[in-house]
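So that you can tell them apart, the chains are marked A, B, C, D and E in the order they are listed, and the count of residues begins at 1 in each.
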Amino acid sequence: MSLEWIIQMIINNWPMFLRGAGMTLLISVIGTIIGAIIGLLAGVIRTIPVPERRAKRILLKTVNVILTSYIEFFRGTPMIVQAMVIFYGSALAFGIDMDRTIAAIVIVSINTGAYMAEFVRGGVMSIDKGQFEAAHAVGMNHVQTMLNVVLPQVIRNILPATGNQFIINIKDTSVLNVIGVTELYFQTKTVAGISFKYFEPFFVACILYFVMTFTVTLILRYFERKLEGPENYSMIGQPAQITNVANTKES
Amino acid sequence: MSLEWIIQMIINNWPMFLRGAGMTLLISVIGTIIGAIIGLLAGVIRTIPVPERRAKRILLKTVNVILTSYIEFFRGTPMIVQAMVIFYGSALAFGIDMDRTIAAIVIVSINTGAYMAEFVRGGVMSIDKGQFEAAHAVGMNHVQTMLNVVLPQVIRNILPATGNQFIINIKDTSVLNVIGVTELYFQTKTVAGISFKYFEPFFVACILYFVMTFTVTLILRYFERKLEGPENYSMIGQPAQITNVANTKES
Amino acid sequence: ACGTKESGSTTSSEGEGEQKEVLRVGMEAGYPPFNWTQLDDANGGVKIEGNAEYAGGYDVEIAKKIAEGLGKELVIVKTEWDGLVPSLQSGKIDVITAGMSPTEERKESIDFSDNYYTSNFVMIVKKGSKYENATSIQDFSGAKITGQLNTSHYGVIDQIEGVNKQPASDNFPAMRVALESGVIDGYVSERPEGISASSANPNFVMVEFTEGFVADEEETAVAAGLKKDSELVDKINEILADISEEERQNIMDAAIKNQPAAE
Amino acid sequence: MEKVIDIQHLRKSFGTHEVLKDIDFSVAKGEVVCIIGSSGSGKSTLLRCINLLERPSGGRIIYQGENILDAKHDIHSYRTKLGMVFQQFNLFNNHDVLSNCVVGQVKVLKRTKEEAEKVAMKYLKVVGMDRYVNARARQLSGGQKQRVAIARALSMEPDVMLFDEPTSALDPEMVGEVLKVMKELAETGLTMLIVTHEMEFAKEVSDRVVFMDKGVIAEVGPPEQIFNNPTQERTREFLKRTLK
Amino acid sequence: MEKVIDIQHLRKSFGTHEVLKDIDFSVAKGEVVCIIGSSGSGKSTLLRCINLLERPSGGRIIYQGENILDAKHDIHSYRTKLGMVFQQFNLFNNHDVLSNCVVGQVKVLKRTKEEAEKVAMKYLKVVGMDRYVNARARQLSGGQKQRVAIARALSMEPDVMLFDEPTSALDPEMVGEVLKVMKELAETGLTMLIVTHEMEFAKEVSDRVVFMDKGVIAEVGPPEQIFNNPTQERTREFLKRTLK
């Protein structure tokens, strides 16, 4: 592996690397965000307690079966095959002509959603039952409880898992070159193919991947600390003087 | 896609599919187990509180930097490149001729370890601080606290994430064909190449993948319920009769 | 974020692509000298759809001639090898020119034009190795040999008696690494790739055989892939017939000279 | 007297363990009822059943004439009429003190944020926690958490309050304050059900006292009866051991 | 009299909030000291500092002649000599009742499982929880949890016990039992520091009472002095409000 060669290669090919990295980032950022939303939604639905009424119970059961099938199906099959089926299959069977980039984002989103749904389930499991009860006791329904009390706590706990998923997405976009999306990995392979070198182009790609993933890690760490809230609280007003109920009533 | 063709293809190629699936399972099962152990260990080490003594503090800091580098490096670069560097690089640089399967397991393990370390960190974050304090109060050191109190609770909460990771491993072994490991995806591609059909062999592969991943899901769900513990407890002995301290002392 | 819009607008007319005077040709754009990716339109490079780069190489030159003969505008679609056939079948592209051999099995799924290049099998080995001066394929008895997955390169290895056949590789760069690292002793390839590889990497030598692999012509030939029962077959064959053997050789020589790594 | 809550043959089992056995009693509007009894006798479970945090195994709970165990009944709107102070406080970990008291008002009662904050501040002042509005649950002492929990429940301005040992973490001074608050609330017509271990407190605050023992109501009566002339042997036994 | 714990100029701040200000006091071997004071005055923080669950911001804690804040000191072996009952109980969620009392003995004191279970059963019997050995924390009532927490701490057979409101969730009957246990333990020479809000309990059990107010020790003395003739105005004020 020679350094001059690498520098020369970068000089010659940097637009290819950069555009590839840009496409990778675009697909993985949007895919992760949409996927996270899907995962949270699935988490909310899958934790709905069994309703009393029969009609509702059957409806919920049906939705749950659909959700579980969705999760198991997309987790359970390779994304490359999904990509081929969705992109080429939809054209074959229905003559639908999808934009490659949109197809890529859709595929990454629904895959991420399936994985995130499981993270959310684990996260909800780890929340103290008292938090649910307190929310129910003030009259919140399931959705309100999840949105206002449970999920904000879950999100913080699953941020590391989300980071993992984001990083996996950055790397997994590479399989999307079967539908002709020219992201970083495909571009690197191209450079490797035409330069008859392997380690050098992939070395550069690794650095680009690493810069992207590490940036993501740092951003998520920052959010983690933010969500933690301030370590100390500041007191308001004058030194403690327990208010008399009587006084309060007057005011 | 014709059904007879698929059946014919399965009849002709089932040993290839089965061997591929067997190799995939072998690598992903062992890789996930070793990876989970690495992740838990990393989790234990990364949560050690900052020691008072300077020498220890520097040591811990160093270990943490190494661990973080390990995690960020292996999460941050594509496994396919790692595989090439480890397998061919070691042959190039040191003339080491690694067994492909062992190389594959090593690669999957260290990758899984890097991801699991983050899951464990998220899981530890979600445990009530009171649990740590109670363990410390009975005199447990950090490792004892983690092993006896915290990790057993963490493991249950991150089981869904572990399931995800296992499934990812089952699918990600596919990139290992660059070092000549003939797992399911590679075998499928071989069949596809021989027959020059795509959808049919991949359809069979998808079913095999799905069977594997769904089995994993079911096994993990079973463990989840087991770790939950019994819903009710059984009482021991005769009806409650608060023992008098005096009585107890005599016995 | 590059090229999203372009890709959307050019593919929007898919389905009635022929009327729009566009010929969509698929290739990997990473298999010199047949096809590669370059940054500008030097040496007759053609813009890649949905992308800022250009494709060049022998396949591109042939595709240009086909497009010209059909009176259509050439659009190159860069797709992974495994995506080429589904792409063709689903109508995302009209033609494959990707150094693809018209094997019997492939003919079950797609149609092929007449051959537009014929080469022969060679072996790429490391310079200075004991195989450097081999003349017969049987000299490779006991050697660790591989070839590209899903190609006839891999299949013909069995003709070497006592060969230590290694698992196939799914891309050339990986095989080159394997060779360079000594994990394998050689890989089977075709003459053009061999010339490119050995000229690009001084550690590699191409071995040409006097007693070579026995193969049907279809296994070393290269033809354009077309959708089954495509009405384009006859027209394309006519166009290809107009390119003389000499001209083909000239185009290939130019491609080998122009390929990016050869500079 | 109008019955606000009427509990009929209420039963609750966890597995084979029968925690509540055929509970029968009712609470009138504006009444303050204290529930006393030994540890594990089912006091918390009773409150939790009334609030439907535990699904009763049998029996009926009639709230203002309607059986709330009926499948058609809207649990959520029922619960807004009941305030609950948990034995373990259960403050929302992701909200600060003020927000703990505000979120329910805004999301459930649909009050505006300003209105909700005004109400919250009023009750936080009552329990002496108005200076801590920025603090999170983990930064509070036990007694502070308990007071916030009380303020949170009161902020919802319910018709019935269920208190599960609302003074367990409070110092005597604070207990006195809370007692005062409760007496004032009682005057406004608020119905209260209070589980407590502080007999003095029960004596002071309650109209009626319920003594529970091993899942059954052993005795019910005005505080004078229960504390001075209990009719049941078990009640006498229980109260005898109280520190004089 | 031998000082077991000697606290000198102890300070603790959370951010700018000074919770403990220059605390100075010591406990002799076998002494029972009760700490009283209003909510938020720093009682729990003091106990937690003694156990090093909170790192003091300043001062010294001398345990049997050694400054345990010294970096060289082995925190873990020090903590095994201190038992702690938390205000929030903090039972191990992944262990059942018996296992909660056993795990520390086995892992830290290196007792055999049989030995540890014998000890655990002894103390579980003392608090009346021996029939619940199979239950998990989430299946217990408040008082039951608290009793298990007491049994867990006692099972470690420490030299000093730190109790943070150990009777807050207990019924009067049970409070009487715990009081009895404590008195017996005191006779065996166990040193005890008890934070409590139950003045009757403090009066009965303690050799000395510490009254804390806003992070400082306002008054220390035998229970007769504190409860009958407090020298400080603030103490009088605090006790005055206690329900008679």
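Keep this in mind: a residue touches a chain if its C-beta (ideal position, glycine included) is under 8 Å from a C-beta of that chain, and two chains touch if they have at least 3 such contacts.
For clarity, every value in this text was computed on a predicted model and none was experimentally measured.
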item: Chains touching both chain C and chain D, listed by label; value: A, B
item: Steps in the shortest chain-to-chain touch route ending at chain C and beginning at chain A; value: 1
item: Chain pair showing more contacts of the two, B-C and B-D; value: B-C
item: Angular offset of chain A relative to chain B [C-alpha, multiple of 5 degrees]; value: 180
item: Type of chain D:chain E copy interface by residue overlap (half), same or different; value: same
item: Geometric centre distance via CA averages, chain E-chain D, whole Å; value: 28
item: Whole-Å gap separating chain A and chain E, where each centre is the average of the chain's CA atoms; value: 46
item: Cα-centroid distance, chain B relative to chain E, in whole angstrom; value: 42
item: Per-residue multi-chain contacts in chain A, two or more chains; value: 84, 89, 128, 156, 198-199, 232-235, 240
item: Where chain E touches two or more other chains, by residue; value: 14, 40, 88, 139, 173-174
item: Of all residues in chain C, the ones touching two or more other chains; value: 82, 86, 171, 174, 177
item: Chains grouped in pairs wherever the two touch, ordered by label; value: A-B, A-C, A-D, A-E, B-C, B-D, B-E, D-E
item: Touching residues on chain A, where the partner in the complex is chain D; value: 52-53, 128, 130-131, 133-141, 144, 148-149, 152-153, 156, 229, 232-237, 240, 242-245, 248-249
item: Residues of chain A defined as touching chain C within the complex; value: 12-13, 15-16, 19, 22-23, 26, 84, 87-89, 91-92, 95, 97, 99-102, 177-180, 182, 186-187, 189-199
item: Contact footprint of chain D on chain E as seen in their complex; value: 14, 36-40, 43-45, 87-88, 139-144, 147, 164-165, 168-176, 179, 197-201, 204, 238-239, 241-244
item: Touch list for chain C against partner chain B, complex; value: 82, 85-86, 103, 105-110, 146, 149-151, 166-171, 174, 177-178, 180-183
item: Residue ranges of chain D touching chain A (in the complex, touch as defined); value: 51, 53, 71-72, 76-77, 79-80, 82-84, 86, 88, 90-96, 103-104, 107-109, 122, 125-126, 128, 130-136, 139, 152-153, 156, 173-174, 177, 180-181, 184
